[in-house]
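Which chain is which? They are A, B, C and D, in the order written, and residues in each are numbered from 1.
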Amino acid sequence: MFQDKCRILANEPICGNFYRLVLESKSIAAAAVPGQFLNIRVEQGTDFLLRRPLSIHEIKKNSVSIIYKTVGRGTGKLSLKKPKESLDVIGPLGKGYTLSDGKAVLVGGGTGVASLKFLAADLINKQQAAVVVMIGARTREEVLCGNEFSELGCKVEICTEDGTLGFKGMVTSLLKQYLSVMGAHPRVVYACGPMPMLKEVGRLTSHFRIPCEVSLEEHMGCGVGACMGCVVPARNGGYLRVCKDGPVFDAREVAL
Amino acid sequence: MFQDKCRILANEPICGNFYRLVLESKSIAAAAVPGQFLNIRVEQGTDFLLRRPLSIHEIKKNSVSIIYKTVGRGTGKLSLKKPKESLDVIGPLGKGYTLSDGKAVLVGGGTGVASLKFLAADLINKQQAAVVVMIGARTREEVLCGNEFSELGCKVEICTEDGTLGFKGMVTSLLKQYLSVMGAHPRVVYACGPMPMLKEVGRLTSHFRIPCEVSLEEHMGCGVGACMGCVVPARNGGYLRVCKDGPVFDAREVAL
Amino acid sequence: MGDLKIKIGDMQLKNPVMVASGTFGYGEEYAQLVDLNKLGAIVTKSITLKPRAGNNQPRLWETASGLLNSIGLQNVGLKTFIEEKLPYLQKYDTGIIVSIAGETVDEYEKLAQALKKEKFDALEINISCPNVRTAKRMLFAQDPELARQVIRKVRRYYKKTVIVKLTPNVTDIGLIAKACEKAGADAIAVVNTFNGMAVDLKKGVPVFKNIVAGLCGPAIKPLALYKVYETSQAVRIPVIGMGGIMNFHDGLEYILCGASAIAVGAGNFIDPQIPVKIIKDMELYLRENHLGKISRLVGSLKC
Amino acid sequence: MGDLKIKIGDMQLKNPVMVASGTFGYGEEYAQLVDLNKLGAIVTKSITLKPRAGNNQPRLWETASGLLNSIGLQNVGLKTFIEEKLPYLQKYDTGIIVSIAGETVDEYEKLAQALKKEKFDALEINISCPNVRTAKRMLFAQDPELARQVIRKVRRYYKKTVIVKLTPNVTDIGLIAKACEKAGADAIAVVNTFNGMAVDLKKGVPVFKNIVAGLCGPAIKPLALYKVYETSQAVRIPVIGMGGIMNFHDGLEYILCGASAIAVGAGNFIDPQIPVKIIKDMELYLRENHLGKISRLVGSLKC
């Protein structure tokens, strides 16, 4: 965990309202594992008070990149930042995915797809895993990272709600079909995306008795486990902190 | 008085911490008279809440320009604005200088010099006045607009506190010398600058019985005379509003 | 077409968007920038019996998303107000709410008496200005009994709509609001500014001569909103909500929390178009959501 | 070299810069980012007798220059605190202030009793948390008599330094502070968060399930500063000031207004380096201005 003034190496639109931000930081890049996130101060001053949590999408030797969607004030402001400007970044934060070997299915919806790229890379490069990625999006313009996953050697399945690309429907329907096929049985399912998607992934994997890890989001104060602001209900009562106990949880740990 | 989204035509450093900002606005340019000011919203959002009042330095057919010094958060932020961006501007505001013919002495200190340029132009072009400008600055790098005044046809006297350019000392010493010379007797003195300078100019002109107008500054809320935030004590008791009754006052009206 | 009309006491307004006392002068100052005919109502600067010079400089201080002010009720006084300022406002097709302030119960009484025959829509009793140093530190609006006394006296002379403007600087605003309701107020305006201060570190002195000043602007919105909610829970009479309103969304939050009308204060300084924009957006919102009357939304927060 | 040492009750601190309760966990969460040995003191999250799960989501909401929170005192409870959290903190060379919270006088008493033999520097009695729904709406810190009862009981068992943390949501904080002083408190911490709320317009519901939440951050600085000033005018015991402190200048304003020590709350979220930076800048300031001791500046505002 570091606090760094990171130089922006790139900050470009990729598609729809999605941007890719590349930040220079050797120390964060060296320490990061898939599923972890950065907590970024978008502006000095007091108007954008809290840091914005954003998942790590990719690491290189000297840089960390993220993919974000402009959904509000902070991400909107972030999209205006230019290369050579600096951002105050804390990271890597949180508990990432547990890397497993064998066959893995990665299910991503919306920006959730972004963090799975880092995971897929490690699964393939470090665990020699066979990775199937299911990418869900509303429409073809919002399908993220398809090529990136292919280049890594993943099998890529695309789903759009409006059917403009790939399978028409929800990515969870695709997952259900996939898991229903005899012998498909993957060793683990990893999922990152909106809550309804995660809920359904949790239900399906529990039904098919497949281990599953989900990455969750909550509004954050400190990002380091101190304020108890970002909690989600634990399955056994009480609360767990997304920033510290997560953002990646065993699907059975949390009440989705 | 207009409220306009004005496109920035230029926003460049001129010397020291001084910048020139040129804003596109036909309507404001057409209505403005020397001594009036603009009230500029530096940022959307709530971090730079109040507008910043800045004097008009020059008008062209379609544009208004100001000269400002970066002294704090707002002017600092302003200096980062780029051409083609827009600013929300209210103006022209306030009561300007009373144009007089005959010989006029203009005394300016710091950024106060800027607003005298517009005045000098009108005095010369509209009143065929003979204009002497005394420019005071701390040091040679901060002497503003010397050439601009010369080009207009003013007699320019420069004063620096450290003697790096022109007369060494306060601009008010120069004024005193000037007024003490027999026959120099100008019809009017106009002054814009820091309070101690204005005080002394007021004292001198009163002593030599020369009409004098001074331009004042105060923190502003509304800028249009509604909030009573920007008042200065009137000589005869009570308060006058800088934004509405001024910023230009007869030196005898106000308790300097 | 959405129906924005509202009624407060006997006062009928064409829409619930006002400009707050002290931030819009006597209306004329903004007439070149804002179409006054569009506003629901203009609340005048608080008027005192005699003209008041107000406080020494400084009077304004910018803070994080807020503005401290210490004007000290500078105003033209009752006589000039009636002779020069009121006639100007009467030319417009907008509600006129005359705000009055006094240092004693007696002064409020005299103001009400003097104003009772004048033509305007409502009287707003400002018993919550933090910027006037009186002998006691307590404001009328900080004590239910003091508040009651003022309202009773005003009520005796003034039969049209009476609004009481309260301070948020109390433990339980509901208690004060109830006392005002009982004493005969037709509506409660909430909030006046929050007590605050700032320090001039170079000189080691308080920025303001009175030490305390009043905070307003977006910084106080979450606080003022809760005060409005508390007030509207405590009384049956309408509540006029204000504090940091910068756009329609802010205004709608107040309405859901129980405000029958809203007022824009410091927002006018930042962008004088805010009140008119809110009115436009409000109309649009009603239309798009087929809501009919704005009054249906008042206090509609589902808790 | 500037001398930053201060004394509050029996507690000696190497500098007057603390981190505020609830914003710094139990210390360990920030240990990778901040050198805990540099801090004047760490105030722990408020501890309750039993572990508390806290409130439902949402718990945080960003406002204009501010942050609303409704954590609901989620904490590990007394037992785990003593067994796991306290030992961790004791390894560091920093003041340890244990904050306690209860719903009844009895609970505070039990907490004090259980903590009296533990090794730490001071007890902070939090009688001002707005985020716990109890039967009555009133907080202990909103009534001088209730405040007095809590402090008397705690004092009976706990003989070392006792700090009382007050709410700003009162008409006259001086009155409450005086009652605390009389009841035996060694210091007053001001302020806890201001009551505020927000509305989720899409759903037409309050953002927070409890409706009310607590506002902190730069937005409240002018308000909190005045509360600290009022408190320090009312009592002789030291005051610990907080509310929106983001840098040394903010902190110095508090000190001039009478705070013997200051605490950084939400500022830690925005930049965890703030407390350490303040300490550095404070030292520099003392040195450059040849001021010797920071304690000389306490309450030095010239009014």
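To be clear about the criterion, contacts are C-beta pairs under 8 Å (C-beta built on N, C-alpha and C of every residue); 3 or more make two chains touch, one makes a residue touch a chain.
Keep in mind that this is a model prediction, so the values were computed, not measured.
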Reference chain B; chain at largest CA-centroid distance: A
Chain pair showing more contacts of the two, A-D and A-B: A-D
Chain C and chain D: spacing of chain centres that average the CA atoms, whole Å: 34
Chain centre separation in whole Å, for chain D relative to chain A (CA means): 36
Between chain A and chain B, centroid-to-centroid distance (C-alpha), Å: 55
Distance between chain centroids, defined by C-alpha means - chain B, chain D (Å): 48
Of all residues in chain A, the ones touching two or more other chains: 46-47
Residue list for chain D, restricted to those that touch at least two other chains: 64-66, 217-219
Sites on chain B touched by chain D in the complex: 46-47
Of all residues in chain D, those that touch chain A in their complex: 22-25, 29-30, 32-33, 45, 51, 53-54, 57-62, 64-67, 69, 71, 74-75, 217-219, 246, 266, 268-273
Residue ranges of chain A touching chain B (in the complex, touch as defined): 43, 45-47, 73
Chain D - residues contacting chain B, complex: 64-65
Residues of chain A defined as touching chain D within the complex: 1-3, 41, 46-47, 49-51, 88, 90, 218-232, 237-239, 244
